[in-house]
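Once you scroll down, you'll see the structures, which are given as structure tokens.
Common to both upcoming complexes is chain A, partnered first by chain B, then by chain C.
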Partner chain A sequence: MIDLMNVSYDTQIPNNVGLSSDKRVLKALEKWHPGYINWWNDLIPENFQQSLVYLRTAVSVDPKGWAKFDYVKMPEYRWGVLLAPHVEDRKIPCGEHAGQPAWQEVPGEYRNMLKRLIVIQGDTEPASVEQQKFLGRTAPSLYDMRNLFQVNVEEGRHLWAMVYLLHKYFGKDGREEADDLLRRSSGSEEAPRMLGAFNEATPDWLSFFMFTYFTDRDGKMQLESLAQSGFDPLSRTCRFMLTEEAHHMFVGETGVGRIIERTCQVMKENGIEDPYDVDRIRSYGVLDLPTVQKKLNLHYTLSLDLFGQEVSTNAANAFNAGIKGRYMEHRIDDDHKLVNDTYSVCDLEGDAVVRRDVPALTAINMRLRDDYSRDASGGVGRWNKILEKAGVAFELKLPHEAFNRKIGVFANKEFNPEGKLVSGAEYDAGVKNWLPTHADGDYIQSLMVPEYEPGKYAGWIAPPKVGIDNKPGDFEYVKLHMA
Partner chain B sequence: MNKPLKQHLIDPEICIRCYTCEMTCPIEAITHDDTNVVVDAGKCDFCMACIPVCPTGSIDEWRVVAEPYSIAEQLSWDELPEQQDIGAGAGDVEEALDETVAALLAEAHKGVGGKARAPSSAAKPTINLYTRSKPAKAVVQGSYRLTSEESGAEVRHIILDLGGQPFPVMEGQSIGIIAPGADENGNPHLPRLYSISSPRDGERPGYNNISLTVKREDGGICSNYVCDLKIGDEVLITGPFGATFLMPDDPSARLLMVCTGTGSAPFRAFTMRRQRVAAAGDGDMVLFFGARAPDSLPYFGPLNKIPGRILKKHLVFSRIPGAQKEYVQDRMMVEQEVIAEMLQDPRTHIYVCGLRGMEEGVEKAFLNIAESAGVPWESTREVMCGEGRYHVETY
Partner chain C sequence: MHAGAACQGGALVTKVIDFRTDPSRYRHWRVEYDGDVANLYMDVDENGGLFDGYLLKLNSYDLGVDIELADIVQRMRFEHPEVKVVVMRSGKDRVFCAGANIRMLGGASHAHKVNFCKFTNETRNTFEAAEVDSGQKYICAVKGSCAGGGYELALACNYIMLTDDSTSSVALPEVPLLAVLPGTGGLTRVTDKRKVRRDRADVFCSIEEGVKGKRALDWRLVDEVVPNATFDETVDQRAKEFAAASSKPTGKGIALGPLERTIADDGSVTYSLVEVDVERDSRKVTITLKGPDAPAPSSIEQLHAQGDQSYLLRLARELDDAILHLRLNEAELGLVVFRSQGDPEAVLAHEKLLTDNEGDWLAREILQFWKRVLKRVDVTSRSLVALVEHGSCFAGVLAEILWAVDRSYMMEGEFEGDNRPIATVTLSDVNFGRFPMANDLTRLQTRFLGEPGAVEALKGKIGEPLEAEDANAAGLVTEIFDDIDWDDEIRIFMEERASFSPDAMTAMEANLRFAGPETMETRIFGRLTAWQNWIFQRPNAVGPDGALKRYGSGVRGDYNMERV
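The block that comes next holds the complex of A and B.
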């Protein structure tokens, strides 16, 4: 009998899908495996590959078993194929097939649509590792370095998860797609990653924290809606990925929070009341709050673009087919078919941003983006609590969703962060206050000096309140290989 | 006043509102509004399913309270309240959430002489996954006699297979076994605690099994039950328990271990762990192990096969015909230079495990050795204790 709860190590690839008795897929995955290892080894600098990192590994998909911590060399991390437990009698939760038994095999009529969704999701996972590959060299502490690597190995595992689905359910073209996931590369001229935000560089740790807060949160929303898929293997895969994704949100939220905390502390120590006294604040080697706001503006808006067009027939088709649901579909109280429902979407009327009602089926993207913005605003509120507690008069805000957009109705229109359409001259004058400038980037870069001593933190970031796995402050999260 | 109770709380300053705990809780004891995620004290049954899934550590907060905080109160918090001073026990490390077991462990660890603490680098153990009302079902995979027929003592090595049930353990932890049947008053038997003698990745690496080292006691209900178990028998177990008698997760840490009889169980686990993963570290291990004779010393054969560079062994016998009686403390005195050197090294962790009767002699030996090296023992022990480097488990 296949043990579907615990991870089996009887093949080279840890899994809870009975790989050892599925020779065809096992062989395909074993063939793909060396390419993956090469990709990983070429990416992450050698001394980090050899270092012992205190990582969390799942030993079971049961909540009791999926967070065991130990020192691991990253190339020896047990990447594997883990699906959330099978739910007996699961039904397709939405669309025209709602209420019918969930598919255990790919429904022929939706094969291409399904494959495309899996490929797009799969493409983002290795992309983020590529974007973050040099950050270990400037880690502000071993704690942060460990969190970076945890995020990286889990993104790697998410790639595995998608590749398994491609190999298992999509035959030859699935295998080709899986190979292409390793062929494309973030920022590449010839073969870039599929989505814009995943070709942007992550040059510094503020960007990394903003990326994990905002862009990984898009990942979370996409996984949440794929977890509602009527194609059961995809749903189970994404459900387990979500438990890992939560760690990435944590890294982002606390990372930005710790930067803010440190800036407030330094401002108070030196009697600086005005948060816009940028030069003076920078003279103490911390990140001024206006720069934090500019980075926030950039990453939030880049992430909004990932949700696609506000009104989309592709999204409608995927929902109607039952292969992609809505965020928390099972908690929404409607017919889950959206036959007669409407939803209000953003639009432009002349210069004004308006919301107008459209058939809800075509507004799936907009709805997910609204859910995303609500989810993203929570952490911003908690960052503001840090400012409030420190008595610093500054408030971080999510910019208006029309600002700095490349996709959708607001694409390439000159809105300011308040959502007002401005003239080209006004935009040019204002943009240096809205988005990070080269000079801001240079300043941030100047702070990126590694701190590798256990328990020590770079001067621009506060230590975390609790250690990973409840470890004490000076715990050596990474035993660096110094060769 | 009501009896104080332990309440599970979530730290709102650390929680990132990912709601993973809420989705994981099997009985919907966790809920949230726009501000906080909170635990309903009336519902939470300490199943601990939410603890490992939390990405932040904010979930692992406990307060001993006379009156539990309501949901409304918790939703209004910006930060967690301090632990109120309502008597003994509040704020200590949790060895078990089960009162009976917690009391047993407190008794076993009292030889530490203060609050028992885990080594600072020890991995955080899972406790109380399985309880008397919801025990795990293990199947006996093996039962081997470790002592000879002639020795008069029967100590057995028992291997339990946990099958598909997650049962994450750390070396040094214990499990509870519930003997079937009832006592003279018709109540079910209380669980007895046994130290796990296998390392965290299983008696066999990668297999979900654990081993125990159990001595058959005259008239002992549980020990006779366990020693009589046959391969294939099902056993109800609780735990894992214990959060302080753990090994440091640091290959450079030095371990000084003193035991008698089945007190060797955790040290077998420590040694195997080191052999499997940390052999490259420079931390040494020294073992003082007392028994009547070689044929009554559990694991005598396998122990002798462990290379001296991994484990320096001092097997000490008190009933060898024609030889002088020797106890662990006697041999410690012989080796006092080694011990004195280790006592002064901040990387050293001391573990004492076995019958209560051994404590006094061992303590005296440490005192003598320390003082003759010019090291004040009381304060050294206090420091080691505070740093989680001094551990006693006796029964």
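The block that comes next holds the complex of A and C.
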């Protein structure tokens, strides 16, 4: 364990922000760190705390070699504070200050707006670790367990990154907010996490893969827009977080892909042609494709809600202030101010879903959501390639964005996955085919038995094509501590 | 308020308005001293307007006229403590005073009108309070027409005498004539001070020609109506009677010498005890109050010998001038930062000499003046913040500043490379009643409106230099920050504050500053002023066809008849 009393922050915390000479931040981190370690220890079951996990640790921001792989006990993980390299002469990319030098200090007039954005982002990072805290017990392989923990420690590092910004730039308020990030907890009655999707349970590994594919991708989009921030330290922080986030989505995409691969394999082996022959497919202990589709529907739509209202003044203010940009702002060919531009957003006209033009400034959320949907469709295409290659007649689809929404113009209205407004009765009849039922959950749970032997995989998931850090198939990714 | 048509408004913004004057420079008033009575004549030089474009006809006034009046009232107290009664009269035939100059108002920017009204209100409050504060009673002897701002001058006097010559009247014709309000306390004093029945007040304020003779007395608009033949004689007699009845402590006055100041190119102003540092880019001005530069006088005689050079009087004069200068001449400096540097013990020693000699007229006047300066700070429409830094001297009289401002920040603990004495706040007796605000409560009472016990408890801490944690626990400052946080927190607060809408800030601050009961004074500065300023934005008064613009053209204002 780390000696809490004598943490040498400059040597133990990989950083490129001159921590050792920043007494202000050091003092704040010293106060915050014990609470963080407690949070971590309370969260992850003891035997996993003591296990040696083959993890990558970010030690620099050099694109050629920013990470180091080694066995480490999670509480001793070196959560670093790393910002992407400083770009000389960086300008504020958008809004009314576009073209002015990027802020190196918090501009007083946007302090609260910035703080709120950082707190919201920061709140999601530990939330997902909380949501996934029991999954180690049912890991389908040591490889997957290692991936879970890798995602977890990196979400922990992302929390650090946000806490660093709060400590460094937001004074007393910032320290209080940093403490509150540890006080709130996912699903808690008393102090839940700030965003809905981060209070939902992640009860099984299919959920975990869907979550890392869809919800971490929302995280990616939010980080992409914050990476465009005129507040340079935030931009640099988020740019570096994106390099790690890519791995999380990789875990999600390949996880779902391996499930599909295994299901196809079992269907073929047993001569099952009809993907809807659910009972038979399940009798072989694999996940049927309709259930995979239902889980996809759920996680995609929950993630869409994270983008907020289609038309939003908050988002407009943040963009106009230069606090938050659009996805790939620098590649967009316009004035980056959106004074007279329009953008088409989803709306309801009677029963029909339409798009209508609104001032582009107010449609920042909608635009990011559209970018997200495009981004999310890529992996779905690759999953369908697996099905195609296996010769299974089934196609996974992103549901219509009106389906199953709690936020925005479609909120709490009965749409089917094709985006058609249906009657209550039609909805009740259809929903069991659209969203996972409790029975589906029971079945998935029944498959969740751990496989702790190196090189072995649970029967419902195929092994990965290649190992992490190019390790061989029987590599012991986690040396379990069996107390 | 009172009046208006059109002059070149442009002139109003470029000229620096200087509030410093002295009798040798008066153009509009003269004073004749007659023992314990002073006769004050308003005799406005119509060519003596502060700006071009209007003539000050019929004893109408502009800011320049009022600056002289304020100077007279101030000197009356310090240079002429022997005066017990001041008789305000007109130096012109057939007119007492026509009120604020309408062409001046018609041409003035909104901001100038508002600041003009505020200053005239403060001046009226000052001579109105002179009777209670100093035992100087103001009699208004009205001969000729006394309309609008003229009657408001009279209303602020302690005793109004009207000649019964069958033409002289008192009037508030603003509403029918100009579509604005009698906003220099007029409406409020009619109801709250003179306690005129509301329906009669309604009648009175709706008729141009006003009320004269016996009816003016019956309606309590004046205190005495006197036959014209014996008017002057009766006024003199009343003055003598009032003077004889007064127990005001008197003595030999002190001279209020010229107030020295230098204004740098960037607008920063330096006085002997007050530094005004302008940071135009951040729309901020820092006012540093220096602690005593000499030991406290050893006796009351020595205080008199020091006269206008004594510490608190000099500080008060300089701060007063600085505030007025910023209000009228530096409209864009929206954030005023108060700091102090000096020895808190020395501040308390100077204060003690004054409070130990309550019976001495000068000691009393200095404390009363400080009360007025603090009130001036209270109603200053800028965001006010105090920084209690190491080496500061917010003790007793100066500590009052901390509760006049909107927020205060205090240094906590040692700061690297800073060897000034650690920041403290020290309470003294004066914080518990000597300096009431417009709401008639002390600043501490107002601050702790919801926990009156807290004020009682604070009395136990009198004389104890409270460091940051204690001051914070006692609720005396808004926030305390240590070395690590100080610079950033202060910078961010100031940047944020400077970014807000100045209108919203002015309105919010004015609403938050005066918690608690309403008084005539708060009603004038709050209700009456707010309504007047609303009217000053409305086309019915100030639009191209509004009454102020059309005044004098023979054509009435063209009103939009929609009720808002």
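By definition in this document, the second predicted complex is superposed on the first by the 471 of 483 C-alpha atoms of A that agree within 3 Å, B and C clash if a C-alpha of one lies under 4 Å from a C-alpha of the other, contacts with A are read in each partner's own complex, and residues count from 1 in each chain.
The definition used in the following text is that a contact is a pair of C-beta atoms (placed from the backbone, for glycine too) under 8 Å apart; a residue touches a chain by one contact, two chains touch by 3 or more.
These numbers were taken from a predicted model, which means no experiment stands behind them.
Participant: Overlay done on chain A, so just call it for chain B and chain C: clash or fit.
Facilitator: fit
Participant: Pick one for A:Asp70: touches chain B only (first), chain C only (second), both, or neither.
Facilitator: A:Asp70 sits against chain B, while chain C stays out of touch.
Participant: Between chain B (first) and chain C (second), which, if any, makes contact with A:Pro472: first, second, both or neither?
Facilitator: Only chain B is touched by A:Pro472; chain C is not.
Participant: Touching A:Ser60 in the superposition: chain B (first), chain C (second), both, neither?
Facilitator: So A:Ser60 only meets chain B here.
Participant: Determine, under the contact definition given at the top, whether A:Tyr284 touches first (chain B), second (chain C), both, or neither.
Facilitator: Once the two structures are laid over each other on A, A:Tyr284 reaches no partner at all.
Participant: Which partner reaches more residues of chain A, chain B or chain C?
Facilitator: B
Participant: Which partner does A:Tyr427 contact after superposing on A: first (chain B), second (chain C), both, neither?
Facilitator: It touches nothing on chain B or chain C.
Participant: To make sure I follow: the centres are taken over C-alpha atoms, the vertex is chain A, the ends are chain B and chain C. What is that angle to the nearest 10 degrees?
Facilitator: 120
Participant: In the superposition described above, what is the shortest C-alpha distance between chain B and chain C in Å? Please give a whole number.
Facilitator: 29
Participant: Across the two complexes, find the residues of chain A that touch chain B and also touch chain C.
Facilitator: Shared contact residues on chain A (touching chain B in one complex, chain C in the other): none at all.
Participant: So in the complex, the part of chain A that touches chain C is made up of which residues?
Facilitator: 23-24, 27-28, 105-109, 111-112, 169, 171-172
Participant: For a test of understanding, state which residues of chain B touch chain A in their complex under the given definition.
Facilitator: Where chain B meets chain A, its residues are 13-14, 16-18, 20, 24, 34, 48-50, 52-53, 55-58, 60, 78, 120-121, 123-124, 126, 129, 163-164, 166, 168, 206, 208, 249.
Participant: What residues of chain A sit close enough to touch chain B in their complex?
Facilitator: The contact residues of chain A facing chain B are 3, 5-6, 9, 59-60, 62-71, 242-243, 246-247, 249-250, 253-254, 378-379, 382, 385, 465-472, 475.
Participant: Please give the residue numbers of chain C that touch chain A in the complex, ascending.
Facilitator: 479, 481, 484-485, 488-489, 491-500
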